[in-house]
């Protein structure tokens, strides 16, 4: 098996595992656990970017992913705070 | 078949040298004496709960929470394998910056990197620097990976003999 | 032989600049292995040698770069607690 | 394949399985530290140039910073739970 | 599988076990430790195809993401505990 095909199949496997886990994983009613499950398919997408030699897209995707998690977790905390009032 | 036995022997000797180097430097600069950051205290108490020694637990927690002489030994042998003697100096600079980011004084990391550079440049005609990299991995495996209880008991005994701790 | 002269220039420059900046010769607070102070003897020569090694591998053998490496090493050692934060 | 890479790879494989099967949270961090040593050595033996050495150093220091933050959070949230 | 080196094999095993571990564990700190394992696998695969600059950028961005998740988890936990304690008193006040 070649190195490129190996990375491509690994990315597909991570996408399938992460998507199924985000829908029907254990204890997924808590929104924080569902948000942590969603981090798995994003790394699968990064591996597929790596396969097609899109290096600039890969760098941008990794850097934006850190900022995106900041916004989403801020939204979760605000939702909990508004529900309690 | 003969070359494999010779290379495994070289790797074991290099591992023994690395083990003695980083354990003595880390113990001398006071890693078992007190936990430097808050996370090392928790790891020491968890190691004590399974029947180990408290000061050996502080030693293992301080290795996890900041790059100490073990990290200096591994990275300096890597840079000696790739660049020569100048790599050891670059390693000392970068390990000091990393130590300061983790809120640690940074004596153990730099001095460990410099001593392993001196040892490798002395032993270069007999054992190549490539064997020191694999030897350091085996040395850290015997402390962090194999058996936490007996490793912490051994480290606590060494710390008591060198007047650090208790 | 020329490489040795370059390293010697950066070492002497860093020690002289650190002495001009009024840093202490050895750490003041007494268990010396837990103190966060920087002095002339401990981090300053190591930082200067490391910066000189990086400069020599990137740009080449110039004696001016060795002088600037010693200067940067002394400045980094003097203002380290302002850069990385006081513990 | 070299004999050194096979030995380091065997240690890394054992560490990965022990992280996955361990129950205690604090002892997972010790195994994670050992795995990080192994990957840093493998990077330097795979890329034989000075840039590979710089990559190994930066990777190891940032990995240590990450595990420091995780250990601090376990200590903080022990009182709340 | 004949001409693969050691580093891609170890990174692939780290990716698969990390992905399964993130989904199967239920405590959030265990999930974050498994996420660190997954990032280790990704950095190893990037290095094994010789993109060294992207590997440096990725390994700098990894602790930033971990610290953001941990701070968010601590604040979320304190919010939930305060709501539960407040919710126990609330029916008494509403009557």
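Each chain carries a letter (A, B, C, D and E) given by its place in the written order, and its residues are counted from 1.
The rule is simple: contacts are C-beta pairs under 8 Å (C-beta built on N, C-alpha and C of every residue); 3 or more make two chains touch, one makes a residue touch a chain.
In this text, all values refer to a predicted model and were calculated from it rather than measured experimentally.
Considering every other chain in turn, none proves to be in contact with both subunit A and subunit E. Taking each chain's centre as the mean of its C-alpha atoms, the one that lies farthest from the centre of subunit E is C.
Taking each chain's centre as the mean of its C-alpha atoms, the one that lies farthest from the centre of subunit A is C. A comparison of C-alpha centroids places D closest to the centre of the full protein. By count of C-beta pairs in contact, B-D exceeds the other of the chain pairs B-D and B-C. As a whole-number value, the distance joining the C-alpha centres of subunit B and subunit C reads 25 Å.
The distance from the centre of subunit A to the centre of subunit C, each centre being the mean of the chain's C-alpha atoms, comes to 44 Å. Chain centres here are Cα means. That of subunit C falls 31 Å from that of subunit D. Mean C-alpha position of subunit C lies 39 Å from that of subunit E. In subunit C, the residues that touch at least two other chains are 57. Touching two or more other chains at once are residues 8, 29, 38, 50, 52, 58, 65, 67, 70, 74, 76 of subunit D. The set of subunit E residues that touch two or more partner chains comprises 20, 32, 48, 73.
Across the assembly, chains come into contact as A-E, B-C, B-D, D-E. Considering their complex, residues 4, 7-8, 11, 37-43, 46-47, 60-61, 63-67, 70-71, 74-75, 78-79, 81-83, 87, 91, 94-95, 97-98, 101-102, 130-131, 133-134, 136-138, 140-141, 144-145, 148 of subunit B touch subunit D.
Across the interface of their complex, subunit E is touched by residues 1, 3, 6-7, 10, 13-14, 17-18, 20-21, 25-27, 32-33, 36-37, 39-40, 43, 46-47, 50, 55, 58-59, 62-63, 65-66, 69-70, 73-74, 76-77, 80-81, 83-84 of subunit A. For subunit D in complex with subunit E, the touching residues are 1, 5-6, 8-9, 12-13, 16-17, 19-20, 25, 28-29, 32, 35-36, 38-39, 42-43, 46-47, 51-52, 54-55, 58-59, 62-63, 65-67, 69-70, 73-74, 76-77, 80-81.
Residues 31, 33-36, 42-43, 46-47, 49-54, 56-57, 80, 84, 87 of subunit C touch subunit B in their complex.
Against subunit D, in their complex, subunit E makes its touches with residues 5-7, 9-10, 13-14, 17, 20-21, 27, 29-30, 32-33, 36-37, 40, 43-44, 47-48, 50, 52, 55-56, 59-60, 62-63, 66-67, 70, 73-74, 77-78, 81.
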